[in-house]
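Some structures are shown below for you to check.
Below, chain A partners chain B and then partners chain C, in two separate complexes.
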Partner chain A sequence: MIAQYGMSMSEARARASALYALDLDAPLIQQYFSYMSRMIRGDMGQSIRSPGVRVSWIILARLPWTLFTVGTGLILSCLIGVFLGTISAFRRDKWYEPIITGTSSIISAIPDFLIGIFLIIIFGIITWFGRSEPLIPIHSMRGTSTPGMSWDDGIFYLWDILVHGFLPITTYALAQIGMWVLLMKGSTTSTLNKDYVRLAEARGLKNSKIMSRYVSRNALLPIATEFAMRMGFILGGSLIIEQLFVYEGLGLELLNAVHNRDYPVMQGIFLVITSCIVFANLFAELLYGILDPRTRIRRSGSNDQN
Partner chain B sequence: MTKTNQESKILTGKDYWLKKLKNAFRVITSDKIGLIGFFLLLIIIVISLLAPYVFPLDTRSDPTKIFQPPSEDHLLGTDHMGRDIWAQIANGGRNLLLLAVITAVISILIGIVLGTISPLIGGKFDEVLLFLADVWLTIPRFPLLVVLSGFFRLSSLVLALILAILSWAGLYRNIRSEVLSLKERDYLEAAEMLDLSMFHLIFKEITPNMMSFISLNFTLMMRHAIYAQVGLFFLGLLPMEVNWGVMLNIAWAQGAIYHPDATMFILAPAMAISLLILSLVWINRALENLFNPALRTDKSD
Partner chain C sequence: MTDKNSNTNYYSRPGNNRDPINNDRPDTADEIKEQTEAQKVKSESAVADLDGGDLKINPKTDRNKLMEVKNLHIAYNTDRGKLHAVNGVDFSIYNNETTAVIGESGCGKTTLCLALLKLTEKNARYLSGEIIYQGDEQEKNILKLDEGELRKLRWSDISLVFQASQSVFNPVIKIKEHFIDTVRAHQRGLSAKKILKRARNLLEQMQLDADRVLSSYAHELSGGMKQRTLIALSFILEPKIVIFDEPTTALDVLTQRKILDLLKTIKEKNDFSLIIITHDLAISAELADNVATMYAGKIVEYGPVESIYYQPRHPYSYGLIKAVPKIVAGEGEEGLTSITGKPPDLIEIQEQCSFAPRCDFASSKCYNTIPSLNNIAEGHQVACFNYQEVPSIKDGSHVQNSD
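For the complex of A and B:
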C-alpha cells in the first residue's frame, strides 16, 4: 500500500485500520482474532479503491449474476450430458455413438475460454447465409442487462437478462457437456455389466423398468457427487469467461480488484469462492451418504455387496 | 537368491516379453486417435524448435499492412502492427511447451517424494499429510493464481514453480494410493529388510514400477499447466512475451474480433492452443489404453 499509493507509513496505518476497523496497536494475535470474528459475521472491510463501500455489498451485488449464469450452464450441461451419455451407453452399436463420444471428448478437452472465443467468432463475427450482420449482435450484449432497465420492466427485463446471459451460459454448458457425457457413459456401461442387471434381464423384466429401477439409479450416483463438487469449483472458472463477455459477475469483480490492487475485495471474493467449494464438498459427501446406503453399511464393517 | 531367481524368470520368459512387445506395438498402432495425437504433438514440437530459423519473427511494424486477411505473403494474415501472424504462431508454442514440461517435471518430483515417503513412514506423518492434501484440494487453483499475480510480479519460471507447488495435493494422493498397493509386493519388503536407504527405495525400487502411472500424470499436468498459463496470459496478468496466450490477449485488446479481416489473428492462437491440448489428451488416452488392459477390454465389448 505504501509503495503503490505513495502514502507515508502512518497514513497507510490509519487507512488500513479504518478499512478493516482494526486496532493496530493491539497484539498481532488479537488483531487476527478480531479480524476473523468480523469475517465470520460477514464484515469483510471496505474497498480501497472506492472508500466507504463495503466488500460484502460488492459481493452481494455480483454474486447472483455469477450464480445465475454458472448454475444454469451447469444444470443444462448436466441434463443434456446425462441424456446423451445414457443413449450412447445403451446404443453402443449405433452409428451415432462414436460421433457423440468423439465430439464430447474433443469438446471436453478444449479450455472453456477458447470455447467462448469460438462462440463469439461463430455467432458474433462471421456473417452467415449472405446476411449483412452476424447472428448475434455482441456489442449490445455486454454486461448483465441493458443499462437503465430494472425489475419495473417486468417480463422484458427477464428477457433482457436471458439475452445477455445467453453466450456465457452456452459457454459454461458446452465446456462441461463433454465431461458429463463421458462420465455418464462410463458409469452406465459399468452398471450394465453388473450381475444384478443381468439377472433382471434374465427375469424378463421390461427394458424400461430395468433402465429406471436398476441401471439409472446406480449410474446416477457418481453424477450426483460430481455435480455437487462442480457447484463449488465452477465459481472459480467463471473468471476468464466473464472477462470475455464483459459480464459483471464475481469473476470480473475479482479481476478488476487484482488490476486495481484492491486487496480487501480480492480477499473477500477469494474467501467466498473457497467457502463455496468447501460447502459443495460437504454437500457432496452428505448426498452420497443419502443416495447410496451401501456406503453407510460399509463403514460399519460389512462387505461390499456388489 | 532373489537375483538368480529373477534372471531365470526373464530367460525363460523371453518369448513372453517378445509377445508383450508385439502386443504393445499392436495396441499403439491400433489406437488411431492416440497416434494422431502423438504426431500432432510431434509436429508442434518440431515447428516450435525450427521456427526461429525457418520462420523468424517479424519485429518491424508496417502501418500499411495492418489487419490483412490471409494471403500468399502472410499465410495467416497480419496483426494490428502489420506483422506476420504465422511467424508468431510458429514461435509462440515454444515457451508454453517448455514451461508446461518444467511444471510437470517439478510437480511429479514433489508428488513422488511426498507420495512415497508418506506411506513408507506411515503413522501420524501420513495422516497429517493426507489431511493437509484434502484441505489443499479445496483451494481453487486458478483464482488463487490470479490473486497471487495481484500480489507479486510472476515471471514465467516462478509461475511454473508455483503451478507445480499448487498441484502437489492431487498428485500426492494419486501416487500415495499407488504406492500403498505396491507396498505389499515382495521386492519392496526385501529392499526394506536389506535396510536400503529411502532414496534407493523411492527412486530405484518404486519409481521404475510406476512409470506408466507417472507418464499418465505427466501429460495431465502439462495440460493443466498450459490451461493455467494461457488463462493468465490472456487476462494480461503475466509479463508479455511471444506466445499464444499473449497473442490472444493482444488480439482481444486490439479489438480484432470487430474486424472481419482480422479474425485469423484471434482464431489462429485459439486453434493452436486447442490442438496442443487435444494432442495431449489423446496421448493421455492412448497411454491409458496401453497401460490398463482392463479398460481396453471394457471398451471393446
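For the complex of A and C:
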C-alpha cells in the first residue's frame, strides 16, 4: 500500500487496522485468533478497494454466477461425454467410433481459453451466410445479464441470463467433454472384458440389461468419483474464462482483487475455493461408499463357511 | 465316431434312462479291470448278444444323443495368422452322462466348450462344422442360430460354470439379483419370491446358508462359497447340459473335495448331462462316464472312463496318466514320467500326427499322415496308428488318489 498509493507508513497502518479491524500491536497469535473468530462468524473483513463493502457480500453476489456457468458446463459435458464414451466403447467396429475418439483427443488437448477465443470468433465476429451481423451481439454480452433487468422481468430475465451465460457455459463444456469421453470409453472397454459380463452373456441376459446393469453401472464408478472431485475445481477454473467473456463471477472478482492487491477479497475467495475442494473430496469419498459396496464396512460379521 | 449311431441303436432300451452300473460304481481297481474286460468281451460279441443281452453287464443301454459336434474347426485371428484352436473335433454328448475333456493347457478345451454356447471371443472364426443340439423341439445347429435364439438357449438349455468363478459376479449388485436376472431373462413375469425360493433350495443343496448368500455381495463370499453359488446358479433353469470349465482349479484340496462330493450328490438327484473340462485326472476319474482326451485342437481318444484309465490307447492319454504324481511312491515303482517336448504351434498345421514329435511309439507313417478317430472297441475311439503298442496302466493308484 505504501508503494502503491504513496501513503506514509502510519497512514497505511491506520487504514489496515481499520479494514481488518485488527490490533496490529497485539501478538501474532492473538491477531490470528481474533481473525479466526470473526471468520467463524462469517465476517471476512472489508474490501480495500471499495471501503465499507464487506468481502462476504462480494462473494455472495458473485458466487451464484460462477456456480451457474461452471456447474452447468460440468454437468453438460459429463452427460454428453459419458453418453458418447459409452457408445464408442460398445460400437468399436462402427465408422463413427474413430471420429468420436479422435475428436475427443483433439478437443481435450486444447486449452479452455483458446476454445473461448474460437467461440468468440465463430459466434461474435464472423458474419455467416451473408447476414449483416454475427450470431451473437458480443458487445452487449458483457456481464451476467443486461443492466437494468431483474427477476421482476420474469421469463425474459431468465432468457437473458441464459444468453449471457451461453458462451462461458459452452466453453466449459467443450473444454472438458473430451476428457469425459475418453475416461468413459476406457472405463467401459475394460468393464466389457470382465468375467461377470461374459457370464451375464452366458446366462442369456438381454443385451440392454447387460449394458445397463452389468457394464455401465460398473463403468460409471470412476466417472462418479472424477465428477465429485471436479466439482471442487469449479470455482478455481473460472479465472481466465470469466476474464475473457467479462462475466462477473468469482473468477473475475479474484483477478481484479489480485490486480488491485485487495487482500481481504483475495483471502476470502481463496478460502471459498479451498473449502470447496475439501468438501468435494469428502463428497467423492462418501459417494463411492454408496455406489460401490466393496468399499463399505461390513456391519454384521460374516463367517466363512469353508 | 462314425458308427456310433449304429451302436446306439443296437442297445437302445426305451424307458431305461439310468444305467445300472453307474449307480453302484466299482470301488476297487480290480473290479473296474474285471468290468472293462467284460465290456471288451461284450463288444466283441455285440452281434451275438442282440437278442438277449444282459443289462447288468452292458452299461450303455440307452444312450440318447443330446448334442453332436461334427467336424468343428475354430480359428482365432491373431497377429501371427490363424490359430487353429479347435481343429476337426467330432464328439457327442449323451443324456445323463458325464463327459470329461482332459488335456494340457492351450489344447483347445475351453474354446470347444465356449463354442457349444457360441460364446467364443470376437476374433474366433468358425471355419466349418456344426453343433447339433437335440432339445425338446427340432434339432438345431447352434452355430446357425441368431442372437435371439442363442440368448434363449443359453443357460436354460446349456449352462456354463466359468473357469474364473471368482470374478463372475457383478460386484455392485447382490447375489440374489443374479438369480432374479437370470430367471427373468428366460421366464418373464415370475415373482421374485418364487425365484428366490428355487434359489434357496439349490443353495441349500450346495450346503450354503442360503439367506445369507442371497443378501450378500460377491466380495463378501469366500472362494469356495462363490464357486458353490455359481454351481447353484447354473442349475436354476434346470438345463439339459451343464458345462464345468475347470471347476476346482483355483481352490484348495479340501474345498475341491467338498465341491466334488456335492456335485456327485446333485448328479444323482437330477437328470442332466455334465461336461467337465479339467486337467485334473483324479476329478475326471471320479465323476466322468466318458473321457475325451484333447491334443492340439483335436480329440485324440474318446471312451469310457474305465477303459481309458486302465487301458489308454493313445500315447498321449498314456503320458497324461503316467504324469500324475502319487503322494506316496511305493518301492520299486517307476518315478514320475513327464511327456517330453511341448505342444505344437497351432498356427502352422502340418500333414502329420500332431503328437508324433513327442511320441515314443511314432513310426514313419505318423510323420506323413494325419490319423483319424477310429473305433477300436465299443464306444472307444482313438486317433493313433500304433495304438496296440500302448501299454496298459498296471497300477490303479494313479487315478485313485482322490478317493
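Here, the second predicted complex is superposed on the first by the 296 of 306 C-alpha atoms of A that agree within 3 Å, B and C clash if a C-alpha of one lies under 4 Å from a C-alpha of the other, contacts with A are read in each partner's own complex, and residues count from 1 in each chain.
Note that in this section a residue touches a chain if its C-beta (ideal position, glycine included) is under 8 Å from a C-beta of that chain, and two chains touch if they have at least 3 such contacts.
Keep in mind the model is a prediction, meaning the values are calculated, not measured.
Upon superposition of the two complexes on chain A, no clash is found between chain B and chain C, which fit side by side. With both structures placed on the common chain, the touch criterion links A:S208 to neither chain B nor chain C. Between chain B and chain C, more residues of chain A are touched by B. Applying the stated contact rule after C-alpha superposition, one finds that A:P293 touches chain C and leaves chain B untouched. Within the superposed three-chain model, A:M266 lies in touch with chain B and out of touch with chain C [touch as defined at top]. Across the overlaid pair of complexes, the angle with its corner at the CA centre of chain A and arms to chain B and chain C is 80°, in steps of 10.
After superposing the two complexes on their shared chain, the closest approach between C-alpha atoms of chain B and chain C is 9 Å. Residues 194-196, 198-206, 209, 213-214, 217-218, 221, 291-294, 298, 302, 304-306 of chain A are the ones touching chain C in the complex. Here chain A touches chain B in the complex through residues 105-106, 109-111, 113-114, 117-118, 120-121, 124-127, 138-139, 189-190, 232-233, 235-237, 239-240, 243-244, 254-255, 257-259, 261, 263, 266, 269-270, 273-274, 277-278, 281, going by the rule given at the top. Put simply, chain C touches chain A in their complex at residues 117, 119, 150-156, 159-160, 162, 164, 167-173, 181-182, 185-186, 207-209, 212, 216-217, 219-220, 222-225, 233, 254-255.
Only residues 138-144, 146-147, 149-150, 227, 230-231, 234-235, 237, 248, 252, 257-258, 260, 263, 266-267, 270, 273-274, 277-278, 281, 285, 298 of chain B touch chain A when the two sit together in their complex.
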